[in-house]
Every structure is written in structure tokens, then in C-alpha cells.
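The data blocks that follow each hold one structure.
Consider the two complexes below, in which chain A is the common component and chain B and chain C are the respective partners.
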Partner chain A sequence: MFKVAGLNYARGRRSVLQDINFESDAPEIIGVLGENGVGKTTLMRLIVGAVLPKKGAHITLDGLTGDALKSAVAFIPNLNWVRKRDTISDVLAFYRAGYPDFNQERWTEVNKTLRLNEQDQVSALSKGMLERLIFALTVSRDAKVFMLDEPFSGVDVLTRRKLLQTLIQWVPEDATILMSTHEIAEIEPVVDRVLILKDAHIIVDQTIDDIRDNEHMTLEQYYVQRYVEDNGGIEL
Partner chain B sequence: MTSTKQLVKLIIADSYRPLWQVLKIYAGIMVLVAVAIIHAQWGQSVGHMVWTIVTQGLIILGFFYFVYGLLALKQAVLSWQDAHFVLLPVSKRRFFTTNLLVRFLVPMVNAILYFAMLLVYMAIVKPFVNAKFVGFNPQNVSEVMPIIGKVVLGTVFVMIGLFLLVNIIGLAANLGMSRFLSVSSHWANVTITAMVLFIGLAVFSVVMSASVDFLSPMVGDAEWLDTVVAIVLYVLMVAGIYGLFAKFNDAK
Partner chain C sequence: MEFNDSEPLYIQVADFLEREILDGKYPMNTKIPGVRELAATLVINGRTVQNAVNRLVESGLVETRRGLGNFVTSNEKTFEMIRTKKIRAMAETFIKNSLTFVSEDELRRIIAETIASVQKE
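Up next is the complex of A and B:
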């Protein structure tokens, strides 16, 4: 059981996330949706411990907390640390050495689809190729929670579809996947549940089946409707 | 969890990155220097030219090692907020201890290597230029060594203090900026950190001297008092860095 309770975070005087609560029983794929700057990335950084929440927050995974929890979560916020001349092979060497749960076989398998050339310099990669690299490194770990922050933002539509179709094959069966994205229509067939963030709060925490059965809408239609409703009927 | 051995290897590799960059620039400059020396001393013996190149090379290498030291220090300060290290599966305490020690030791080992190179060079050169060392008598070596030993120890002690001071102030400045300044450029960061560093150095000196002045009447004018006060301040700085890292960190 993966559980986030009483999570609050402020930057200066601005409250970024307020009273965030949700639970997940693996296996589950959760879509984290919301407009730019709403706190999707911050939520992932808080879960993994890159930033620290205000007092009172409880993040647990099968009884694990703190540093032990961090070890069971796969998340790569960026590859900013990579130097100009570093190749994919150098980055791979770091993750292989740093993460005992790095699964080389899975990397090879994922890379058959992503076609990353290990001799390519990371600085020369396009945005889409960089996203592929982050995606491949993240899912190549034997973690319990996988967090993918806008993994398809620069990825072409065909690769995106292929990645979404095969995502479940690549990660361990008992894993929870948190995936933030703006490609709402494309993730609909894959996700089990969505969290919609607005004004620092979770305004929707529902399964896709509930949305389909009760609201009779696609995920994208429902998302737009909830945002408009929450804005007092104003679209933007 | 990542083993400590593996963590040490990764941090060492990261600490050496600026050295490789600096040595590449050094090698390029040395080619130019060697050509200039050969051109200027054309007609003189090959041995003379080689000695001049080696001597100049060692002096210039000293400058580049100094630059490396500064870059390694900057790297150490940034490492506390470097997500690719902070997110490694190790406990905060283990990462803190390993990172602090390795980031300090790598440039120190390199400095020792440089001075060892200088000593070897001096030992080779001395027989040829002994006459020029006015007042230097090999018999005095036994008297000089303890002084050198004290100087080395004193330097290491000061280096530890500077390393800790720069780390605590750099981390505090970076955390403060990311928390309270919504927009900041690289140069704004550098300027603010430099200013805070300068103020911090001044505060450290004042606290150190005030503590010694305060304690002197009670314990007498003891030579060890400065050392004890410095050690206490160092321990406080280590605790401060850990506190900032563990309680307020914002890894990017």
C-alpha cells in the first residue's frame, strides 16, 4: 500500500500543495493532471524526498518511510548534471553503479523500442530523445513506485503510443505508476485512476471506470469540465 | 541501498571532473609555453631548455591546481542540492558523511601530489643549482622538517575550516535564494553567494577572536586555545551543514 497523507508544501509565502491525500494499492497506474505550475512535479519531488514537506506529512510504502521509501521509488527529475561530452553510456554507468536494483536486461529490452545509441552524447540529444532516455532509465529499475514526470512531452506520437502500450510489460507487476502528463486523451486507455490538481489541492481523485460510467465522458472532456466548473464557469 | 564503496567511487568520479577539464586546458597551454621557450632559448643546450620547460610547467601547474581546488569547492557546495546524488538510495547521514569527507579529501590528495612532485623536482634540481641556495645547508634539514611539519598541519587545519565555511555558507545562500527569490540568474546567484561568503568569513573571524578573548582570562594565554575554539566552531559548522541538508534541502 502506497499512502500519501497530510502533505503540505509552500515556497516562500506561496502555498504550492495543500492537504494532499491519496492511497494506492498496486498494481495501479495513476495519471496526475493539472495545468502548468500547479505542483505535479513538486508532488513527485516531495514523495521521493528531493524537497521536504511541512511537518505532519506521512508518506509510506508498505511500511517504508524516509530513506527506505526513497530506495523503492524510481524517479529522475532531470539530467542537468550531465556534462557536454558525457555519452548515454556514461549516464547508464552512473545509474548501474548507483542503483543496486537497476535491471540491465530490462534496459536492453526497453532500448529495443526506444533505439537509444549508447555512444551518443547526451548534450546532442533532442528533447524527445532526452525524454526517452529518462523514461528508459526510470523504468529499468526494480522499484515499487515509478514516477514519470511528463514523460512524453517531446516524444513523437508513434513512440508515445508504443511506450504507453508496453509500459505495463516493463515495470514489475506489483508496482504503482504515477504519471504526470498533458496528453490526456492518449493516457486514458492506460491509466486506472486520475488525480487532478488545481490551486494546490486535489480536486478529483477518481478511477477511469467511474468517470466513464457515471459521467459518460472521456477523460479529457471530464478534465476540462471540472476545471471550468472550478473556475466558476470561466474557461481560462 | 547503494554500498558505501560504490557511493565513494561515484563521488570521487564527480570530484575529479573539474580536474580533467583543468588538466586539458593546462596541457594545451603547456604546448604553447614549450614552443615559446624553445623559440626564446634556441641555440642553448637541450638540457637547459628541458629544465626551463619543466620548471615553468610546475609553476603553471600550481596555478591550475589552485583553479581546480576552487572548482572542486564549488562542486562540493552544489553537490548538496544535486538531485542525481541526493536521490541515490542511501540514508541522509551516510550520504552526508561520505560526501563531506570525499569532497574534502580528493582536492587535498591532489594538492599533496602536487607538492610531492615539487619535492621530487627540488631533489633532482638541487645538486645542479645547490650553489644558488644561499644559506641552505643540508645539515639544517633536521631543524627545518619540524617547522615544515607544523606549517603543513596548520595549512590542513585552515583548509578544513575554509572548506566547511564555504560549504555551510554556500548551501545556506543557495537554499535561501531558491526559497525566497522567485527569479534569479546565475550571476545573481554567484554575486549573492560571494557577498554572503565574505560576510560569513568576517563573522567567523569575529566569533573566533571574541571567543578566544572571552576565554583567555579564564584559562590563561594558552597556545591551544585557538585550536580548541576552532575545533568547536568546525563541529558546529558540520552540524549546521547537516541540519541545512537534512531539514531544508531542495535538490534540483
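Up next is the complex of A and C:
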């Protein structure tokens, strides 16, 4: 079980995330939704230890904490560290050396669909191809938690479909996947459950089945309704 | 596949797969793809697809053969029963909706004319 408890984070005086609690039994795909700047990326950075939460937070994965947990989490916030002349093949070598759980077979399979050319320079890739690369590198590890931060930004509809298919087909079955996105309608049939963030809090933590069964709404309708409700009924 | 707004997704996926089977995409006594493969093709969560397949197993249209996978039933009676049940259900919905604004005679005439024109195509 993957568990996040009592997570708080502030930037200066501003509370970015407040009392974040959720847990996940693998296999599970969780959509992380919320308006721009609400803290979706920060949540992922906190989980992987790139930024530190306030005291009192507990993040555990099957009993693991700290560095042992971090090494079981696959997350690539960006590729800013790549040198200008590095090719995909250079990045791959670096990544393979850095992560012993890199699964070459899965990389090959995933790349049959995503068709990255290993000779291409990373700095010359289009935004869409860069997203493909980040996606492919992330899912090619034998991790227990996979985090994908807006994998569809700047990505066309066919590629979005390919990425989602890849996710369904190739991600290990004993893993939890956290995926932040604004493509609510598109991910509804793919995720098991959603966390909706607003004003530093998780305002919704529900499965898609429950939303459809109990609210008789699509995820997008429910998202809009909850955001409006939370604003005291005032439209955004 | 396209989803409507109100129904749970696994029921819509089950209906979709049932239609594919009744259309002959997967004939009687043949294997249907594994859950993960179906899920990837349809771009739908694996658990949802599994629930949909379970629903078809409960109805008898699909049989799980241990170690081999899921097969369309080889029982003609079961297949036929499900097929006619499906057509009757579709007809019932259509007729109920139509009778709220046309008379029975008018509806009969329209159906007959529509069948004739569809057959011409």
C-alpha cells in the first residue's frame, strides 16, 4: 500500500498544500485534477523528495520510507539536466546507469508505439516528442509508483491515445499510477479514481464508478459542479 | 468507443462487447482477446473491462475456460436467447419512446416504410 498522510507544504506564508491524506492499493490509476497552480506538481515533488514538506508528514510504500521509497517511485519532472548535444541514446544510457530497475524490454515495447529515434538530439525535440520521451523513460522502470505530470500538454489527440494505450498495456500490474492532467473527459475511462485539488486541499477523493453510480454525472460534469459548489455556488 | 453520460462505464463496455459478439466480430466458440489487450485497444481501465467481461460471463454469452481465456459460448440456445433478448430490449425502448408522440398505426406504417427504404439501399 502506498500512503500519504499529514502532508503540508507552504511557500513563504502561503499554504500550497494543506493536510493531504490519501492511500492506494495497487493496481490503481489515480487522476490528479485541479486548476493551474493548485499544487499538483508540488504534490509529486513532495512525494519524490524534491522538496521537503512541513514536519509531521508520513509517506510510506509497503512499509518503505525515505530513500528506499524514493527509489521505488518513477518520476521525471523535466529534462532540464540534459546537455545540449545529448541524444536520446545518451539520456537512455544515463538513465539506465542511474536506475537499476530500468526495464530494457519494456522500453523497446513502448518505443514500438511511441517511435522515438534514439539518434535524435533531445534539445531539438518538439514539445510533443519531449513528452513522449519523458513518458517512455518513466514507465520503463520497474517501479511501484509512477507519477506522470501533465503528460498530455502540447500533445495531439492521436498521441494522447497512444500514451494512454501504452500506460494500460505496459505499466506493471502491481503499481500505483498518479497522473495529473486537464484532459478530464479523455482520462475518465482510464483512471480508477480521482483526487481533485482546490485551494490547497483535496476536495474530492472518489472512484469513477462511485461518481457515476451516486452522482449520475460524468467526471467532467462532477468536476465543474464541485468547483462551483466550493466557490459558494458562484461560477468561476 | 463513445460513452453516454449516465450509466456506469462497465455496463457500457459490456453492451459494446455484446454488440461486437452479436455482430459476428467474435463468432461462437472463438476466443475473445485478453482483458489487458481489450483494455489497451479500447483505451479503457483494465478493471472496468474485467467487470464488463464478468457481466457477459454471468449472462452466459462468454465462458471462461480455465487456462485458455474467455470464449464466446458454444451453446446455440444461449446465444440465440441473448440475441433475441437484445433485439427485444432495443425494440421496446424505441417503441416506448415513439408512442409518446405518434399513434400505433402511424408507427407501424413508418416502420414498414423505413424497412422498405433501408432494404432498397
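As a convention for this text, the second predicted complex is superposed on the first by the 236 of 236 C-alpha atoms of A that agree within 3 Å, B and C clash if a C-alpha of one lies under 4 Å from a C-alpha of the other, contacts with A are read in each partner's own complex, and residues count from 1 in each chain.
Everything that follows uses one rule, which is that a residue touches a chain if its C-beta (ideal position, glycine included) is under 8 Å from a C-beta of that chain, and two chains touch if they have at least 3 such contacts.
Here the structure is a predicted model, which means the values were calculated and not measured.
Peer 1: In the superposed model built on chain A, check whether chain B and chain C fit or clash.
Peer 2: Once chain A is superposed (C-alpha atoms), there is room for both chain B and chain C without a clash.
Peer 1: In the superposed arrangement, does A:Arg11 touch chain B (first), chain C (second), both or neither?
Peer 2: A:Arg11 sits against chain B, while chain C stays out of touch.
Peer 1: May I ask you to decide whether A:Asp213 touches chain B, chain C, both, or neither, giving the answer as first, second, both or neither?
Peer 2: Only chain C; A:Asp213 stays clear of chain B.
Peer 1: Could you look at A:Asp192 and tell me whether it touches chain B, chain C, both or neither (first, second, both, neither)?
Peer 2: second
Peer 1: Who does A:Phe94 touch here: chain B (first), chain C (second), both, or neither?
Peer 2: A:Phe94 contacts chain B only, not chain C.
Peer 1: In the superposed arrangement, does A:Val51 touch chain B (first), chain C (second), both or neither?
Peer 2: The answer is first: A:Val51 touches chain B but not chain C.
Peer 1: Check the residue A:Ser71 against both partner chains and state whether it touches chain B (first), chain C (second), both, or neither.
Peer 2: The first partner, chain B, only.
Peer 1: Now for A:Trp81: first (chain B), second (chain C), both, or neither, which partner does it touch?
Peer 2: Only chain B is touched by A:Trp81; chain C is not.
Peer 1: Is A:His182 contacted by the first partner chain B, the second partner chain C, both or neither?
Peer 2: Neither partner.
Peer 1: Nearest approach of chain B to chain C by C-alpha atoms in the superposition, in Å, rounded to an integer.
Peer 2: Least C-alpha distance after superposition: 29 Å.
Peer 1: Overlap the chain B and chain C contact sets on chain A and report the shared residues.
Peer 2: The answer is that chain A has no such residue.
Peer 1: Quick check: in the complex, which residue numbers of chain A touch chain C?
Peer 2: 27, 29, 161, 164-165, 168-169, 188-192, 208-209, 212-213, 216-218, 221
Peer 1: List the residues on chain A that touch chain B in their complex, please.
Peer 2: Contacts found on chain A: 11-12, 45, 48-52, 67, 70-71, 75-81, 83, 94, 97-101.
Peer 1: Going by the contact rule set out above, which residues of chain B touch chain A in the complex?
Peer 2: 1-3, 6-7, 9-10, 17, 82-84, 86-92, 179-180, 182, 247-252
Peer 1: For a test of understanding, state which residues of chain C touch chain A in their complex under the given definition.
Peer 2: Counting only chain C, the residues touching chain A are 3, 5-10, 36-37, 39-48.
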